[in-house]
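Each of the next two complexes has chain A plus one other chain: chain B in the first, chain C in the second.
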Partner chain A sequence: MKTFRLLTSAAAIALASALSAEEPVSGGTLNAVIQPEPPGLMLGLIQNGPTQMVAGQIYESLLRYDTDLNPMPSLAKEWTVSDDGLIYTFTLQDNVLWHDGEPFTSADVVFSVDTFLRETHARLRASLVHVDSIEAPDPQTVVFTLKQPFGPFLGIFETGTMPMIPKHIYEGTDFANNPANNTPIGTGPFKFQEWERGSYIHLVKNEDYYIDGLPYLDEIYYQVIPDAASRAVAFETGQVDLLPGGSVENFDIPRLTAMDNVCYTNDGWEFFGPHSWMWMNLHEGPMTDKNLRKAVMHALDREFARDALWNGNGNLANGPVSSVTRFHDPDTPDISFNPDKAREYLAQSGYDGETLQILPLPYGETWQRWAEATRQNLSEVGINSEIVATDVAGWNQRTGDWDFDLAFTYLYQYGDPALGVARTYISSNIAKGSPWNNVSGYVNEEVDALFAEAAVQASDDKRQELYSKVQDIIVDDVPLAWLLELQFPTIYRCDLKNPVSTAIGVNDGLRDAWLVQN
Partner chain B sequence: MSAFWSRFCQNRGAVIGLIILTIVIICAVAAPFLFPRSPWSMVQRPFLPPFEMDGLPLGTDALGRDVLSGLFHGARVSLLVGLVSTVVALAIGIPIGALAGYYGGMVDDALMRFTEFFQTIPSFALAIVLLAIFQPTLSYVILAIAIVSWPPVARLVRGEVLSLRNREFVEAATLSGQSNLRIILQQVLPNALPPIIVLASLMVATAILLESSLSFLGLGDPNVMSWGYMIGAARTVLRTAWWLSFIPGLAILLTVLSLNLIGEGLNDALNPRLRKRTS
Partner chain C sequence: MLGFIAARLVKAVFILLAILVLNFVLIHAAPGDPAAVMAGEAGAADEKFLQDLRERFGLDQPFHVQLWNYMKGAIQLDLGFSYRQQMPVAELIWDRLPATLLLTATAFVISIVFGVAAGVLAAQTQGTWWDTLISTLALIFYATPLFWVALMASLLFSVWLGWLPGFGYQTIGANYTGIDRMLDIGKHLILPATTLGLFFTAIYMRMTRASMLEVSRLDFVKTARAKGLRNSVIQRRHVLRNALLPVITLAGLQAGQIVGGAVLTETVFAWPGIGRLMFEAISQRDYNVILGVFFISAAMVLLFNLITDILYGIVDPRIRLTK
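Our next item is the complex of A and B:
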């Protein structure tokens, strides 16, 4: 209660001097929630959500991205691209030090990308196949030479995709078992201090950060609170002041955001562009019938799902590319909720009353309710279905083994169709066993060719043309049922200013965040 | 029969229990006629409080589904699970108990150790494990409940048979050359029936509670509207829509209570001497 009063008085003071005092001030401790507890903080080895959220303050990459996905300087202060789109030259910041005091140079960049991450980071490796060579002509300059133009290349310099790893610590060692993994050393605005397993992760200000005055915060505590209801209570009682997106259940969000002195934002997920859909099994069974797929698509009342289950947060997806991802085409064939149209398609299909198996995503209440609403939507137009009960392991297995008719999921898009969209639709990415590839089993040679061509264009106009075309084709084929562009609001005490200023939100935004002092 | 009935009616609680249970049974039978639409239909805006709109006296849940319809259809599921799982448990427990009690010796030891094996595992934990292994469909839920609830039946029947098998009428039957199976079925078991009936009525109540607890934890059949499911789905909105948990909770309470009262009444009615002694 004391904290709470302290905060209210802080808010009152802030309000009183609001007009004059919007200048950032240094100092203060931020308590944030981290959910679930990360398996480790060495960002070059582990890239799951919570790791990125904490380690994004410790490690940096060459670029950052604003909420429109435009590149901004980070460890690279400037960069040039040759006219043919083949040579990218980065000039590094001056006076950057690793947390242990060693200078950061272009040799670290070459080591990180060419040696370390090429070995450990599958998603980056897939993009690096387009890279012919990485060279460091002098300590301040790095030159990437590509084999052919690769449109999304400037989009892979994000912290979670390409974190800079200290060469002097890792060169020649067994990366996965290096004892330094427990005490991560980066160049970022905050340094690793302590990790009390099961309790909290403590980061402190990097006094030698290369931008004078940054960061503003003195320290950050990431509190580990395993239970969703307890996290909400911790925020209500003032134990924590920042709830990153996804840390509380959806139905708690209206209650928390209605509290005094609480702000929230849906920004800060643009790079990820979480896009939800239902896989349809095109390998075998009733969903191989295109008319049935269209019937299912038109039967889904996605607006209701958004309003009832997601508190009105999120946009109705209009196809494979999220509206926050580059090259989104707003004008795709109609897939809106229309029961009459659904019944028409159903009548034309060969559907014979089979019971479709719906696999819900085992990520809590919202998804379970969503599956129930979907089953009801389908029954209204005359399609029988049943929900298969499953846990996370079972979901992974069934999805990977194509043991479903419809299966809920959501995936990140990483800002560019070549990075996060093509993988879901190209036929070369069909492989049993993984729930993250082209699980539906969609095969369309034209789509394959268009994605391949669009990825290696140097011109954005040309890419837009190709991607618009491929979006139309895919939406017409309905290889899966698009649902919502998800939004995960970041909820925070209004005393915390500017926590979200980039496309990955609080993952790297706390550098510029500050607390109103009383 | 009329003596039985009058003894049953002497227990006022038992009569009340019977009335409540009758109402629940009527609800269950009438559900498809009163609410022909599926209880999963989303009929109105979500979180409509009770008594606010005509036609939806108990309001709607998180997806705008009619709570009253869910309650009626849930009664079917609860009663079905309670009855069928009890029948299955009796079908397992009675033969094991009867054989153990009648034959004694090695057979008794073997069967009772087997029974104890099940008894030592907490029944709820075992039910959860069984459902994690099976698919949680309604039939497996029933099977899991039956598997965890038969051991008391076996022990009870064994005790009864043990005390009956040395009575004169059993010896007479043996002398007259009846087979063991016939003696068990025709002589011993009918006389052991009263306590089994009482136990069975309580088992139905326990089974309903068990199914509700499993559904509450999300281990029930996700395609079946049951009271436990309704509470489990509403638990998270307890602070904003308490009635969504309260109403089905009340239904479970009343049904289980009624079955317990009836069990007590049956006990009085079937054991008149015991009744007289205690009163």
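Our next item is the complex of A and C:
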């Protein structure tokens, strides 16, 4: 421990990776930050970020994913797919128990997916329209039969998308008001112990976990610290050892990662693939002019934003699909920063000096500064704009009501264009009142057809071909201004080993994490 | 006296009801609703999801029906259910009340004791460097934004010196009991309570000082001096007692806020109190929680106003409550 403190952080990181080859040891308490405080821990009912971060250790699904998005066993130990891509057969692990001691069986899987989540889980419901039936021929086997091939099907078995719910507790009850929601029962490596609202959530090791020796940690405390500066202080003073991505303001990251015995990683977000852009209002107003949209796109100095506002974290997006998402096409039309080109497009547009309304994302200082930088970029090529301040609820409403010209946002891609990209561009997904659909109001029949066709192909090659085509068309239409593929570094004390080993990072990875015992 | 109190109580009930209606209208006038915020947090939502949430919370009903339902509950002291936290509002507030009371009451005591003492000292040493020092400090405490003081205090005492914990209510995971637990909570309390108390300390100090100087120039003090009373007796019995009237008014106002919590302090120091509960509820448009906290705070302000009025009579017998 003492030796560590003398090392520079770069050396500490190098040593940490070397040490991770060490033999894991059991024991220890992990203190992590959680923010905001989750509304509840019943993952079947609530799927927001903080809920998943805690409940992802309590609940499990059939599969996990490595950082290249390859499926790995979880509650399913093996699986097969029929040649026509219609029948998926999963064999469950042996000897899995719910935290209350009841055995986990295929009947729980059928209940979870077909009954519980079909009713409560909006995102999964959209994928389940492709499923014809879910059957449990024996207690260890589950068979999903699809209506037609659905390319991303093997990608929907992640904990936050399809958590397994105990049938013996929820069957026949009012799911939303079941008292068991306050004491969540899963099959995961950690069990719920206590939740002192406003202070902390306490999880303890599941001694009956079905993999011998796991988890390594004895307990986890998730501490609720509402102020970003105080979260940084808590890490600096050693009161917490793990800052999940997005816990602190970007400008604090260099200071924290430069501390002795501090490690960080950008891995663990591959499944989410957070992709940022500015909605452009194609329903009415100046942004309906394609030349103005192109002018805005080329006016944005995204490299500056990444380096100055995001500390160099993140990649410049080259279109609708993130480079960590499957079927990304690196060769889309040019949308790079080019003020001269922006001025040319502006001259060709019908823009007559009106002031564009920019809606920043009300998620802290970085987004506010980004809106200011954008305003500066636009003004340099001759576009007037103003920033409209809102809080989260106001932002939701204005975006959902199409009351903006440009509005910052970022959304998750869930590993596959059919799960997290198409929703932003297909015309059937235009509806007032929701800020998560095709908010821009982009309509292109060819794009609609290509997305529909690509989703139901069994062959990955065919899907790649269709998705490449659709990416080219969309980028050329510029229905919104793509910004960065965001990265949220996970920062932790180097004594904590292997906190991120999957595509959703600390959301399900603490099963395999361990602490160096001093 | 009893008649006066009864009349004031009846009036207070009507004021409370009016406050409830006004709050209800104002909160519903703000853009966005809890269903949209919750759907946003889920990262994806379809129309059915939003519709289900709105139906579950009764947000799909006409405004006047929602208002009527809320008022019906409130009259029976049913503060409703928190949409986001999935718990009865009364239970949420009750859970947070001890932490808030501890923080605000400690800050209250700190500010009264130090503020009045410093004010008396400054008045008695008027024109000396003591007076200048105290008045300057009071001005600084009064003018510095609370969140900045909080962050600096945390930086100094927690990060640099390592003397005090920088956030939270207790050492998490330590499982202290008895006296150890009290000491642990006390240690966590020092920074937030002092920070919160500074602003009011400054106000009490300035008010006590000004009030004492004003009173000591009045005729009855001259008379007391002419009678040959000792200075300490004059200051304590005649000057301070009369000078405290405006301080009591202010203390009444501060005491009314005790239950409402302290939004900034509780947020910066991660203190699990009511102020933070309200702050988070506002950003999440958790209507019932916001209304519940406002209701309790308003009730407390009214109650402490009444207590202040009664105290006036005790401190200054010229004020006759029965008239």
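By definition in this document, the second predicted complex is superposed on the first by the 497 of 518 C-alpha atoms of A that agree within 3 Å, B and C clash if a C-alpha of one lies under 4 Å from a C-alpha of the other, contacts with A are read in each partner's own complex, and residues count from 1 in each chain.
We take it that a contact is a pair of C-beta atoms (placed from the backbone, for glycine too) under 8 Å apart; a residue touches a chain by one contact, two chains touch by 3 or more.
It should be emphasised that the depicted structure is a prediction, and the values quoted were computed from it without experimental measurement.
Should the pairing of chain B and chain C on chain A count as a clash or a fit in the superposition?
After superposition on chain A, chain B vs chain C: fit, no clash.
Quick check for you: in the superposed arrangement, does A:Asn70 touch first (chain B), second (chain C), both or neither?
So A:Asn70 meets neither chain B nor chain C here.
Mind working out whether A:Val233 is in touch with chain B, chain C, both or neither, as first, second, both or neither?
So A:Val233 only meets chain C here.
Applying the document's definition of touching, compare chain B and chain C: which contacts more of chain A?
C
After superposition on the shared chain, which partner residues are touched by A:Arg369: those of chain B (first), chain C (second), both, or neither?
Once the two structures are laid over each other on A, A:Arg369 reaches chain B alone.
Counting only touches as set out at the top, which of chain B and chain C does A:Ala431 meet: first, second, both, neither?
Touch status of A:Ala431: second partner only.
Angle chain B-chain A-chain C between C-alpha centres, in steps of 10 degrees?
40
So after superposition, what is the minimum Cα distance from chain B to chain C, given in Å?
It comes out at 8 Å between the closest C-alpha atoms.
Counting contacts the way the document defines them, which residues of chain A are shared by the two interfaces, the one with chain B and the one with chain C?
Touching chain B and chain C on chain A: residues 229.
With touch defined as at the start, can you tell me which chain A residues reach chain B in the complex?
So the residues of chain A in touch with chain B come to 229, 249, 251, 255, 304, 308-309, 360, 365, 368-369, 371-373, 375-376, 379-380, 386-389.
Under the definition above, what is the set of chain A residues touching chain C in their complex?
29, 31, 36-37, 39-40, 46-49, 122-123, 125-126, 176, 181-182, 196-200, 202, 219, 221, 223-227, 229-230, 233-234, 236-237, 239, 390-398, 400, 411-412, 423, 431, 433-436
Which of the residues in chain C end up touching chain A in this complex?
Residue list for chain C touching chain A: 30-33, 36-50, 56, 84-86, 92, 95-96, 99, 151, 154-155, 158-159, 162, 165-170, 172-173, 267-270, 272-273, 276-277, 279-280, 283-285.
In their complex, what parts of chain B are in touch with chain A?
That would be residues 38, 40-42, 46, 62-64, 135-136, 218-219, 221-223, 233, 236-237, 239-240 of chain B.
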